[in-house]
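Before anything else, here is the set of structures, which you'll find just below.
Each of the next two complexes has subunit A plus one other chain: subunit B in the first, subunit C in the second.
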Partner chain A sequence: MSSELSDVLVPLPEIVLAGLASLVLIVDVFQRSRQRPATYYLAQLSLLATMVTVWATAPDQPVVALHGTYIADTMAVVLKLFLLLMVLGVFVYGRRYLDQRGVAPGEFHVLGLFGALGMMILVSAHSFLTLYLGLELMALSIYAMVALHRDSRAASEAAMKYFVLGALASGMLLYGISILYGATGSLDIATVGARIGDQAQLGVPVAFALTFIVVGLAFKFGAVPFHMWVPDIYDGAPTAVTLYLGSAPKIAAFGMAIRLLADAMGSSLADWSGMLVILSVLSMGLGNLVAIAQTNIKRMLAYSTISHVGFIFLGILAGTAEGYGSAMFYALTYALMSLGSFGMIILLSRRGFEADRLDDFKGLNARHPWFAAMMLILMFSLAGVPPLVGFYAKLAVLQAVVHVGQVWLAAVAVLFSVIGAFYYLRVVKLMYFDAPEGEVGVAGQGLDVRVLLSLNALAVLGLGLFPGALLGWCMAAFG
Partner chain B sequence: MHYIYLAIVLAPLAGAVVAGLFGRWVSRSVAHSVAIGGVAVSFLLSLVALKHSLVDGAPAFNGTVYTWMVAGGVHFEIGFLIDRLSVLMMTVVSFVSLMVHIYTIGYMHDDPGYKRFFSYIALFTFSMLMLVMSNNFLQLFFGWEAVGLVSYLLIGFWYTRPTATFAALKAFLVNRVGDFGFMLGIAAILMYFHSLDYADVFAAADRMSGLQLEIFAGHGWSVLTLICILLFVGAMGKSAQVPLHVWLPDSMEGPTPISALIHAATMVTAGIFMVARMSPLYELSDTALSFVMVIGAITAFFMGLLGLVQNDIKRVIAYSTLSQLGYMTVALGASAYSVAIFHLMTHAFFKALLFLAAGSVIIAMHHEQDMRKMGGLKKYMPVTYWTSLIGSLALIGFPGFSGFFSKDSIIEAVAASHLPGAGFAYWSVLLGVFVTALYSFRLFFLVFHGEGRMDAHTRAHLRESPAVVTVPLVLLAIPSVVAGYLIGPLLYGEYFGDAIHITAAHPAMERLAEEFDGPWAMIVHGLTATPFLLAMAGLFTAWYVYMRRPALADLARRRAGWLYGLLVNKYGFDDFNQIVLAGGARGIGRLLWRVGDAVLIDGLVVNGSARVVGWMATVVRRVQTGYLYHYAFAMIVGLLLLMTWVVFLR
Partner chain C sequence: MTFEKFVFYVFALITVYAAFRVITVRNPVHAVLHLVLAFFSSAGIWLLAEAEFLGITLVLVYVGAVMVLFLFVVMMLDVNLAPLREGFVRYLPVGGAIGGLMILEMSLILASRHFAAAKALPPHGPHYSNTRELGALLYTDYAYPFEIAAFILLVAIVAAIALTLRRRPDARRQQVGEQVRVRRQDRVRLVAMAAESRSAGPAEEEGS
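Entry: the complex of A and B
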């Protein structure tokens, strides 16, 4: 492949998405109907087209293009496919929900597409500059999306907090990158990685840079103590946006972690691995503990996210191919479970009713046994009950940690997930053993949402029964 | 032949399944026909197998039916070892079982649990055959536990009676103790031999004989001795040897056919069979053989004494069973395995006969079991009377009856043994003969002779039992007489061949073979020998004390009150178990429950940890203030934390 050709072919999915997203933006303007059906279908079409392009241009070997700023490898392909799939799901779930709350759907879809573009750039970055570009494109889109519901005080407050804290975190990340640039004289991830490995005298500046970079990463993931934004933003944002926020960006953040930590600073493994241990234990502990005290299911799931981030970190900090692969499996399946759980909240909501209190799930089994069963699958999977996929994700991560000799960490993780099981099972208890309160129903949403939710939960079950293929794919990305 | 062996085992199982699982849909007669049919098939095919082995001279069959699993290089298989030893056991077991099945039709006629009963005894036959035909320790253990389970179910068959459930529980618990030893023995075999297959283990036994194991530092134990003693602990439970014998007398709470089949003729002999099967192992350990012999001798003599003071007809026979099992065990200890199996066989016939006869009496007496309320039944129940007489004569070893040949051989074999403890064992089994005759004929005279002591109503209804009861009695009476004449080929011929292994260091059987010249010579010799005189003395004493001078018994009771008390209290075994072991265990249990479980685990660990978690959750939750500057501050703190760690702590 000649270098000119690869310069076009490698970033082709991103080029396609950027073009289509711009088209959506223009089409949206010329529509009369408030629901903007053309925007919706075109946005979904763009995602599908991008996925096809990703699949079609997937390289056998890692290819670096655009003067070393861009890379396409198996990990990037898998992550992109999944994050596009997540965004696609979010659009289906969120369509009617946004309409019922008077939020302009066009902006949601356009911003969602540009956010997805940012995430794709992020996971394909081979230079710190590209990485930062992707990160900010994603972050700015999400800031705006959180604030979409302009009339809601909570949403505006959440957007403000997210923006300020996100700027702080970006600043720290940028500061770390600048130190690294000063120390190594390069922004190319491979070059930086090689120079850090060669020059031992870079110890202290690299350690400083590393600390700031880890902080930036931890903020994106929402790891303790950089998690404060998570519950407020998850709760304050419209549920459709929370859905977006809780699924695809976790996949992108995983890609970013691999690019920064494993690729650029692989030789400082001992340093960042130790930091991740601290963050991981704190996240699992605090996330699971505080989730118990929540009465709002969106906040509960926010804390649950924090605890799952701790688990993703477990795989990364192992620092082995097995660890990265298992963390990737965890991130992908967690995004799927998160999509389903927030989707459930959307399914139960209707005009003027959010269904975001735990009590809203009371007696769901009496009204809608099928959806109660779907929620049961999702909750059991989040808690890590076999044979659902959440169990295998936890198992893979714990195995990776045990294989590098950190048995105590695995024991701590298991202990916290036992504590965590409580609040997932409480949801099940509310659905199956309590009497219904008020009007809970699925009438507020369309058939597409119901079908998607069923598929989503059944996928969690199916991947649990046959985890081999996806797990093998994840492992192959680092093989 | 492969399929015939399989059919022998599976036919009773099919009967059990039909009578048990489909009992709701089939009638009583279908249930018992299927169960009896299954056992009859087993018996006939066992005869075929016996003929195949005996007449056709087929070599021992040792084959795997299927492999259950392979773990760590060890194969766990279901397989059959059909040699002379197992084929003899199969024939005896299926024959007695068949008799008991038929008898049950009459005995359980009015019982609401009729079909359940047939299901259980057919299941028992299946389990016992599995045990006997096994070619590996795993299947042996399966059969061992399965017969134990059925025994438990059948002792507690009348589960509405508190005494029956108590007895069932007791049998189960005591057998657990024995089974624990048995399991340890099997585990030790797996550990040292890396195989559970008989053939592999026996082939490797010689190499293991020198191996030592240090349990306590400085004291080496022979591994083989340990294995043998552990396995024998299992046999002590199942074959009711002191001190694990306590369950057997209580097991008489079960229906009488069960007492005959399981607790006299077959299951309780599983331990005897097992030790005989393991003869290649036991032969290598004199210590284990001595241990076996002494335990057997204690059981044979002291348990016989207890039979003297019992008034329940079935309990007398139960203590007699204990004592006779002791005799078999002594024979094993003296390396006379074939004699033990011989006695096992003759005992199976005459003891089943005695139990079924007792059952016949109990039917006639309207389920009254106290001998003090019987008497003079001879003229009402002639068939039962004569068959009982045959059984009793066989039991006391009257020359010419089957018990004579087997018991005299045991006494001779013990006399020829040189192991430590042989002297004690010899006197025990010799004096045991007197005791046996005394309690046997005490029972016989009290039940069939003298004045009737029953009430008028019962007396008016006394009559001989129906044919389903008396036919098995007659059929069992025949082998009770003639089985003894098999002594020549069985003990001194080549019958057992390779099935039983005796080393040159234990010459008891050789000595017996030298002195033996035919059963008739043995009878002639027996008429003047000490055991016969002792038996006659016992018989005469029983007649004199209970028929001639009934006052004498009361006098003796008053004069030797302490001895009587000791015997009535069964040497205090039951009280000891009840107060010290059961009471102690329950005390510890209650302590652990109150303190360990309720306070520590429930209170402190479970509820306590839940409370702590809940409290922590509410505290940590307050950190989430909602103020932006608090959040930013937390991030700065986190940054400092990581930086501190990376700069100072690494």
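Entry: the complex of A and C
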């Protein structure tokens, strides 16, 4: 009995965040100023406090608690730290942007915190039930955040699309999980994994369940051919919300993929790895090719997300500890780069001006050479140019794929990255070699956004120069 | 026929009758009331099957909350049902085909050997409480998912309010503070007037 009592405190980070998020909700009600400064600072403080708790309670060995519904391991700790960091960045970037567009700041921060709570629950789920509930907590918060800008038709439409397709994806995932439950009689991920490994006669139902689970995952990730929602929602949502849904949920989705595919169905590796090959090649191909045709930078980055998801899948499908580690490194660094590039759009926007066309970046170097250089770093990193972190992420993933003997897959990935480099370099060309059009300026945003953006881009550079520590950490999570 | 079987058939007949009336009565309020009856009888059947918690929840949630909401909606919206009833003959073939398919599927499943082989569960002792067992599971094994579900509901509340509550500048609302603070001098003005004679005219007589 005493061991069960101490169990209650294993998910302390989640408890801290849930408590503080509820506190933010209450404090928000009692504020009169429209900008709600107390809400903002308290929300940031909650994220910091949660990060400290995650760090302080990090276990040496995986700990399963609360009747097998919760697991604390190195992967969960690293993913949680990074996704909280991303949400923290989103709040800094989005604060003034949302204020300029009349979006209720209190609700944005509260929903953002609850979404982060959902992601934390998702990455440390040890039961399908917890996993699904975490996913829904995250998704519901994001649907509402997309719709928060009520005066914008595009945002409402995006929220509706996201809601319907997200519900469809959840349905697929649940259907797959229910078949797995029927076949193995358990919701516990470790038990399911063990039973699938032991009993060969489960082959057919498991393959059936696997198909639905992979489809659900691909929807959530936005992999081709389940990518239709990504560009519309990235484009339609307010940029601060795009920032949120383009960064942290990718990390959480990676955690979910590992829990579902590697932990629960590791013994069916041969089955799901083949499915992921198709998804991955299609995503890299379509994402990179269609991104070239875009004139809106938010849509361009949305298609670029699709292509990067292909790379994350490459690492997962290798099915080795090296593959998982490199995919994790890729997901973390991609979230960082995505945060920076959408942050740049926010930096250039101001009241009544979105800066979401590619032409808005024309001649940025002439006006603001420092921020043009930061954008250069981000774009080069997304394209995979050494010595930036995007290069090492791609290299690690490709290495993992080559080590399992799928050399052709690595060759295809390199080919599509080269094609993809075109549209990233086009942004650089617009910034450095074209004459400025209209009023491109960073005056619309505050000092905090400028400092954070610089730090963000320099982190991309720094991690590129010294990738060892983070890469080692990611590998250790699966060692 | 045992007593349980008798009770079951009574409840089942009432359920089927009420469900049939829901779609045949013309008055929407009557339809909702028949639906309430159908829920009540289903709750009775669940109680008979030793699923007390489900039965109680059905009455509390569906009859107590959802149906009351339905009644409100039906009474507030003046729905004209005549257009809804048009085209019955036109939709009959499609509806009939779908209904027939559903009956076929259900009979295939219910008549299959898997269901025939299933035996009735042994009845529980007199002190067994379905609600207590569910509660014990919910607050021990599933305490963590249960708490997460609570947060999902909280997010739903926040999202619903954030998306629908809109402060319109032209909306008129009571200012209770102002109402309490109001003084007689602000509202009533006593004017000293000289008395007038009654022979001013018939028009003023009517006005006073």
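Here, the second predicted complex is superposed on the first by the 475 of 479 C-alpha atoms of A that agree within 3 Å, B and C clash if a C-alpha of one lies under 4 Å from a C-alpha of the other, contacts with A are read in each partner's own complex, and residues count from 1 in each chain.
Just so it is clear, a residue touches a chain if its C-beta (ideal position, glycine included) is under 8 Å from a C-beta of that chain, and two chains touch if they have at least 3 such contacts.
Owing to the predicted nature of the structure, the values given are computational and were not obtained by experimental measurement.
*Asks:* Based on the superposed arrangement around subunit A, label subunit B with subunit C as either clash or fit.
*Replies:* Pair status: fit.
*Asks:* Could you say whether A:I316 touches subunit B, subunit C, both of them, or neither, answering first, second, both or neither?
*Replies:* neither
*Asks:* Just subunit B (first), just subunit C (second), both, or neither: which does A:M172 touch?
*Replies:* first
*Asks:* Answer with first, second, both or neither: which of subunit B and subunit C does A:V428 touch in the superposed model?
*Replies:* It touches nothing on subunit B or subunit C.
*Asks:* In the superposed model, does subunit B or subunit C contact more residues of subunit A?
*Replies:* B
*Asks:* Is A:I121 touching anything from subunit B or subunit C once the two structures are fitted on A? First, second, both or neither.
*Replies:* In the superposed model, A:I121 contacts subunit C only, not subunit B.
*Asks:* Is A:A355 touching the first partner subunit B, the second partner subunit C, both, or neither of them?
*Replies:* neither
*Asks:* Nearest CA pair across subunit B and subunit C in the overlay: distance in Å?
*Replies:* 21
*Asks:* Report the residues of subunit C in contact with subunit A in the complex, numbered from low to high.
*Replies:* Against subunit A, subunit C makes touches at 140-145, 147-149, 151-152, 154-156, 158-159, 162-163, 166.
*Asks:* Can you check the complex and tell me which residues of subunit A touch subunit C?
*Replies:* Listed in rising order, the residues of subunit A that touch subunit C are 11, 18, 22, 25, 66-67, 69-70, 104, 107, 110-111, 114, 117, 121, 127, 129-130, 133-134, 136-137, 140-141, 143-144, 147-148, 150.
*Asks:* Write out the stretch or stretches of subunit B touching subunit A in their complex.
*Replies:* It is residues 613-614, 616-618, 620-621, 624, 626, 628, 630-632, 634-635, 637-639, 641-643, 645-647, 650 of subunit B that touch subunit A.
*Asks:* Quick one: which bits of subunit A touch subunit B in the complex? Just the residue numbers, please.
*Replies:* Counting only subunit A, the residues touching subunit B are 160-161, 164-165, 168-169, 172, 204, 207-208, 210-212, 214-215, 218-219, 224-226, 228-229, 231-232, 270-271, 274-275, 278, 286, 289-294, 419, 422.
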